[in-house]
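All chains are identified by letter, namely A, B and C, in their written order; residue positions are counted from 1 within each chain.
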């Protein structure tokens, strides 16, 4: 059986090497995409989960918290009681930002007129959240300070001491680039898997395969193996480009990054195979990939953080392998999260992998040659 | 020359490939002229030049008295051309396809509806006129293609392998329609890979490697085969084939189902020799008789002796 | 593995294919309607019929790609429904659609299909070489399949189908769109395979190819309407007789003859007119009279042996 599967995978590889367009798709487009999208930033962030540790406990600090809450940008989730608690909330991704109001904050502000220090911790792995929060905190405090000083006085902004939790320099390209690792692999694997069967059906070779002793399982595994190989090759090359080309430090475990990459690739092979079975032409299959990719990119938190979406969209996002994998990538690569910290994404991803592969296999068995 | 289609030393060269090498025609009004030959012989290039779709590298052609190069525009109104890769609009109905071509050829006014109706009936498509062209069978698509090529009632029709891949019953029907056109006096120039179809032409040109190597009526061409053809009916085909191949005076031996076809230099004497040799080899002979070669055999025999 | 008992009434080991009351419906449409036939081992069997008559559906059932709605078929001793995998390893199939990978070269295609049939290593190398020589592909081994001419492609498809030395070759319109010379070469190849004992089941639209088969079955609208050797079909199964008339002008004659009732066919063959008459004795004088009345000169009029096509068209009209 393994010889038959290798025979199929080898044939696919030969065909791939002859397909200049697909090769270009694998090599050139990812690099261009990486470079271009790396520069892109987003805006319009709302509902960032916020934790506050109010040590001041004054009327002013209360007003500040209320102002942040009412700004519409934040969703005050936790009222923390210690620095450790704040760190843990940020580390676990429970909140996207935390504001620490030091003791005597209001008194200091009143004394100096404008230069109290306000430490803010932001989960820098999501650069869009980071830059947005920074702006929101600044404007909220500026509004509040105006009430303390005469209207005609010169307003000096509060000196915000910002602490970025992980992404120390707030290089806003980082998380975008790392997310690209998942997104480009996603596109490639989906396209390769989606045309896999439908191309042979169009050519008439699928019928020819049907009359050979090759079983359906072997056919599926042979094609899957080749898609997995291409996907992982692409994933590794992109990783190397990000790590050494873009010089983004990898904080997590490489083996974990690779293993979860395999899991994600298999999930997408399952999705692609499903598309390949239900469509009637390559053109149709590619169109479906395109539509699916637009949807998944929306839900993946790539453009807008998932936590900022309405509840129904968040529910749908849970069914996107790309959403889970994007979160995993950012966590492992930039935060250095371990598997234990990622179960809430790994388990859904594994479940989705099982569902797509299972459904692909089921439909493929029922499909006419 | 007074023919409906005349051509003098027509040649076409693509880069270094000389596709057509000086072919000449003189085809009378009302003839069905069949151009037959293997793939790459230059049939399509020849038809395209005659139909005024492609300019020759050298030589001239006149169709309906019009020069195919200099008067190509005027020629359009007088010729119908059905390309080999003729394709219809699959999402339009049969009638809509014909109407589309009627618009292109400027068929308007009162004549239009009447002509379309007649054409549908003529092509035996009237029952299917509202069906999408995309779902028609291969044979029906070809008939629709013919109807579209004939919408402006041209005096000359150029058809490039119109029956390729069509089953025998649909082919016969297609040819019956061509016969009807022929009776109306339309000149038809057709290329085909089916040699049995060549038998339905008034005249046939055998094209090979860019040249017309023979031309004549189907009957005359069949008689061009070198030597005689013997049919040998025997249950021991394998033995018979092996033995016959080694005998003197034999051009070619072909196994044909339940019999052997042997081309020999002189039928009467060789028949006797073959019979003796086969019997000596232990083969049973049911019958050995002279046979009339098909155009197929004539054609293959001609080009294998070039 | 337990032996499967055939639902067929009889099975002889000399038969490569047996179909008994084989039927396949698609919804209300009956594509194949209770057809029965046998193909003997070593035979070249021609399966003819117009497009949409049920040929491809029958082939798909024989290959186990489609299940019969009712009836049964047995290929090389195995039931098509219960043991398609046994059948597939012993059958070679060349489909109507060219089904090789155009982006692979000749050798790569052959290697892939050889291995698909579980032919490996040295055995594959040896058989590939034989197939290349047999199919006349020497010199184009490294050529991309997309660049091959039509005749070469067909022979390559055949070569790919014989690497596992199948006992039965099923060819669905293998020569469609191929020129006469290449078709002749292809058939020489089939004869060589048949001589080695391979059973050949072939469909074609070319009547000259049908003539080359040992035995024929003609299927029309799902029914088999004629079967036998080519000679047998032409000599015994024609409905009516073909009368060939050499007259001038033939076109005018055709118009006159179409007015006569009870003539099954009227067709123009160059300068000759062919008509099919059920009753020659009664109808020939009627034809001659009609032509004479129209002042058309008859040079000759005679009953000629029907061609296969004549028989099939007559049988198809029922």
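Everything below uses one rule, namely that a residue touches a chain if its C-beta (ideal position, glycine included) is under 8 Å from a C-beta of that chain, and two chains touch if they have at least 3 such contacts.
Values in this document were obtained by computation on a predicted structure and should not be read as measured data.
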Which other chains touch chain B while also touching chain C? none
Core chain by centroid distance, with centroids computed from Cα atoms only: C
Indicate the whole-number Å distance between the mean C-alpha point of chain B and the mean C-alpha point of chain C. 22
From the mean C-alpha coordinate of chain A to that of chain C, what's the distance rounded to whole Å? 59
If you average the CA atoms of chain A and of chain B, how many Å lie between those two points? 64
Chain B partner, complex, touching residues on chain C are 44, 48-53, 149-151, 176-182, 184, 191, 195, 205-208, 211-214, 229-231, 251-252, 254-255, 267-271, 307, 309, 312-313, 316
What residues on chain A touch chain C, complex-wise? 3-4, 7, 10-11, 14-15, 18-19, 203-205, 207-215, 368-369
Of all residues in chain C, which touch chain A in the complex? 63, 65, 85, 88-89, 91, 93, 95, 97-104, 108, 112-113, 115-118, 120, 144
Residue ranges of chain B touching chain C (in the complex, touch as defined): 30, 32, 36-41, 137-139, 164-172, 175-176, 179, 182-183, 193-196, 199-203, 217-219, 233, 238, 255-259, 294, 296, 299-300, 303
